[in-house]
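Following this message is one structure expressed as structure tokens.
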Amino acid sequence: MNAANKYSRLKNKTWQLLNPSINKSVWDTAVNALIVSLIALNVFSVIFETVDYINISYGIYFRIFEKISVYIFTVEYFLRLWTCTSEEKYMRPISGRLKYIISFGALVDMFAIAPFYLPFTNTDLRIIRILRLFRFMRIFKLGRYLNATKLITNVFKSKMEELILCMVITLSLIIIASSFMYFAENQAQPEKYSSIPATMWWCIITLTTVGYGDVFPITIIGKVLTAFIAILGIGMFALPAGILASGFSDEFQKRKKVQNTDG
Amino acid sequence: MNAANKYSRLKNKTWQLLNPSINKSVWDTAVNALIVSLIALNVFSVIFETVDYINISYGIYFRIFEKISVYIFTVEYFLRLWTCTSEEKYMRPISGRLKYIISFGALVDMFAIAPFYLPFTNTDLRIIRILRLFRFMRIFKLGRYLNATKLITNVFKSKMEELILCMVITLSLIIIASSFMYFAENQAQPEKYSSIPATMWWCIITLTTVGYGDVFPITIIGKVLTAFIAILGIGMFALPAGILASGFSDEFQKRKKVQNTDG
Amino acid sequence: MNAANKYSRLKNKTWQLLNPSINKSVWDTAVNALIVSLIALNVFSVIFETVDYINISYGIYFRIFEKISVYIFTVEYFLRLWTCTSEEKYMRPISGRLKYIISFGALVDMFAIAPFYLPFTNTDLRIIRILRLFRFMRIFKLGRYLNATKLITNVFKSKMEELILCMVITLSLIIIASSFMYFAENQAQPEKYSSIPATMWWCIITLTTVGYGDVFPITIIGKVLTAFIAILGIGMFALPAGILASGFSDEFQKRKKVQNTDG
Amino acid sequence: MNAANKYSRLKNKTWQLLNPSINKSVWDTAVNALIVSLIALNVFSVIFETVDYINISYGIYFRIFEKISVYIFTVEYFLRLWTCTSEEKYMRPISGRLKYIISFGALVDMFAIAPFYLPFTNTDLRIIRILRLFRFMRIFKLGRYLNATKLITNVFKSKMEELILCMVITLSLIIIASSFMYFAENQAQPEKYSSIPATMWWCIITLTTVGYGDVFPITIIGKVLTAFIAILGIGMFALPAGILASGFSDEFQKRKKVQNTDG
């Protein structure tokens, strides 16, 4: 009716546009698709920019695209900041907005654009390298727009206890195996099995069955130990995969049930 | 009774011969076995033709066998084209046959024989190489004649949603892991971790646990990152195997139930 | 009562001693344990005889032990041949014994001792090498005496259909993947990807995730293809493991039920 | 009331402090956390002491920390020895304590501190190396204080039969595969496939899919054999992982049931 009301409705609409729920309108879907594509293009741009001969030929276009994207993401960031008060938990104009700023999603959004605005007059190259990494935060922005994110979060939450236990067992295994191998191989290959932390590198690459072949035992005792460690340990390293697999299958069955009850 | 009727019955019979269903007659089985063997022999012929010393000694026989096979497959192709009107969806004499020509099965059949009939007077060697690949289309022809095809198609269809989700997670993991590793290892090994796409090669070979050993991290930060990526990521890469396994076991149980109800 | 009866009872007892069933007597167990240990010792003897410095020092003892073992196994073989008529299917004195001789178990027993009795005056060394392999047949003799054998046979029988299907899919995958990779890498690495069968070696070592690193793609198209093949194909290669695992768990549950019903 | 009673109560309390059960008091938790942290710090200290440049700079602090820890663990050892009579099975003052000394837990505790007290005037360096390994026994001390230990023990106990069977199959597979490969590759690579035990190293590294690439077949027959062994054998090596996974999932379900019944 009046201006305040219109303003309030506009704010709510904008918030809904940026945070599509299950019952999407055509507009929601369009905005959603646009931002997802923009993020995907940004990620691909950052990836291919690192290829030298592409960067030399088309670097200028990558820079322009980068600029435009950051402007759009900046607008998105401030629109979200403005409209976040539509949500109940961020309702208060100031304290609510501050609470929103330090939420995980908003931090990702900020870090994804911040490096662009920082001045680099005569900074260390290393800092620039690290700041560039923040541009990859944009891939985490996708999390907001994809359904998969919630599924993965649920699976990890439901299997947390099992996964933590696996981590404890795995870590103990790595420590024990590495210590034994260090004492077995250190004298024969002092530059490869130079310390227990160095032996842990060998241990992880072996027990995950990656086996690059950059480090491997050459003494008989080292080989016998490796054989035992490999046969016993690989089962332990395969456990998290099994646990996650059962977690996903549980989650999918739950979803199918919900769909059947709905239909 | 009359000629038209006889013609129609012949057409139907031919179609049935080439597309055996569950209740096979002796003739169906014989034709089926003949074509399956011919395809298998063709595939083996293409494989062993690439071995130099076999090609030098027996190349002439391979060429003759190739010729005969293509003639038989050509006859099969035109018999199918002629009789496809027996099927309801291709019933119309002209538009039906055109529709059949662009069906997946018919395209495979065509590409499997087409390269043989194209003239190569003074063509580029590379094009011939690519055209030779089409001869492998013959292995896809097997799909029509084997029961396994339907089973695999069913499993993939029933688990499509899960597999797509896995692909999304896997792709995100590869992108994030490769970006971090690129920034960690690029300066130490600029020729191996030359760009993010190059680092993705390392990432896929590591997370699938293949680990050729052509690329591996040498910096401490790179090794620590790899250890984390390997332990966390391998579970994700093992998921599709688990999903497919449960899909196959579901499908087999369904089949056993059907068999029990039938018997 | 009379001699014939006594002879018959002795034959039955001997057969029972050599083929212990579930309700073992003390004697059965003792004979069983003796022969199992003898076979195990023989296997270890053949293994360690190949270590040069062990063979030089203790070769003479290995040869003596070998001689004694073969004599014992020869006695066992003829005792079995004599008493096999106690079993119903080998009941007839002559045709029954001939039938027994060509049974799997009896052939293993024969090949395990035969090489010892063949004269090697001036034979080719290669033939001796191959004949030596037959001594390993003794490990298969263990099959008769261990309960595990039956379990494994059951699991493989119950999952035969699934495993055959897996083999068909796996073989098709290897053929298709190898052909594509051959055309992609042959020109860049003509000595490694020299033919499609040679490329199959690479393909199997990659898809089983062994990844020795003796052959790996170096062209971009080859690497992209490998990435796809690895991600898609590894699931397929992991399927038999899943199928066997479920087969074993089914079999163990069946056994526990039988034990509970018995108890 | 009287001194003997007080002494007895103090002994029981001390025993409870060192062996926390499910209903922990605040004190129990505190002592528990302290000792767990001390053990963890000790393990990290032993690990990082092996890194040369850390040892050079901070070696003196590691040695001081080592000293203090051993003193605390010594006090813990004697407190346990004194109070163990609170437990029914070690109730008798002398024979009970002797029985306790030779229990697994007490032996671990002793070996974890013993090397420190042994005099090394002019001993062989090798013996010192081995004795140093005993310091890692401290990680096993963690077993007493973590809940995970019981879970793992339960899983292994419940799946013992299956795991033993797997070991038998695996061992047979390794022996047979190694023997065949030895005869196939020995002549072509006499220094790598030098004996059957040496070939077993190759076999285990291949069948666990680690595939370092230090040993791989080069003859055609060796490669064909490897392909067969890899495809058939990997399923068998993946079985223990599957068995353990199902064991853990059973155990977790049991626990959840108990928790639900309790709550």
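Letters A, B, C and D mark the chains in the order given here, with residues in each chain numbered from 1 onward.
The working rule: a residue touches a chain if its C-beta (ideal position, glycine included) is under 8 Å from a C-beta of that chain, and two chains touch if they have at least 3 such contacts.
On a predicted model such as this, the values are computed, not experimentally measured, just so you know.
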Chains in contact with chain A and also with chain B, listed by label, are C, D
Matching the CA atoms of chain A with those of chain D requires turning by an angle in degrees, to the nearest 5, of 90
When chain B touches chain C, do the two copies use mostly the same residue numbers, with over half shared, or different ones?
different
If you average the Cα atoms of chain B and of chain C to get two centres, how far apart are those centres in Å?
33
Distance from the mean Cα position of chain D to that of chain B, given in whole angstrom
47
Return the residues of chain B touching two or more other chains; collapse runs of consecutive numbers into ranges.
209-213, 238, 242-243
Once bound in the complex, which stretches of chain D touch chain C?
161-162, 165, 168-169, 172, 175-176, 178-180, 182-183, 194-198, 206, 209-213, 216, 223, 226-227, 230-231, 234-236, 238-239, 242-243, 246
Would you mind writing out the residues of chain C in touch with chain A in their complex?
209, 211-213
What part of chain D is in contact with chain A in the complex they form?
43, 46-48, 50-52, 129-130, 132-133, 136, 139, 142, 146, 148, 151-152, 170, 200-201, 204-205, 208-214, 237-238, 240-245, 248-249, 252
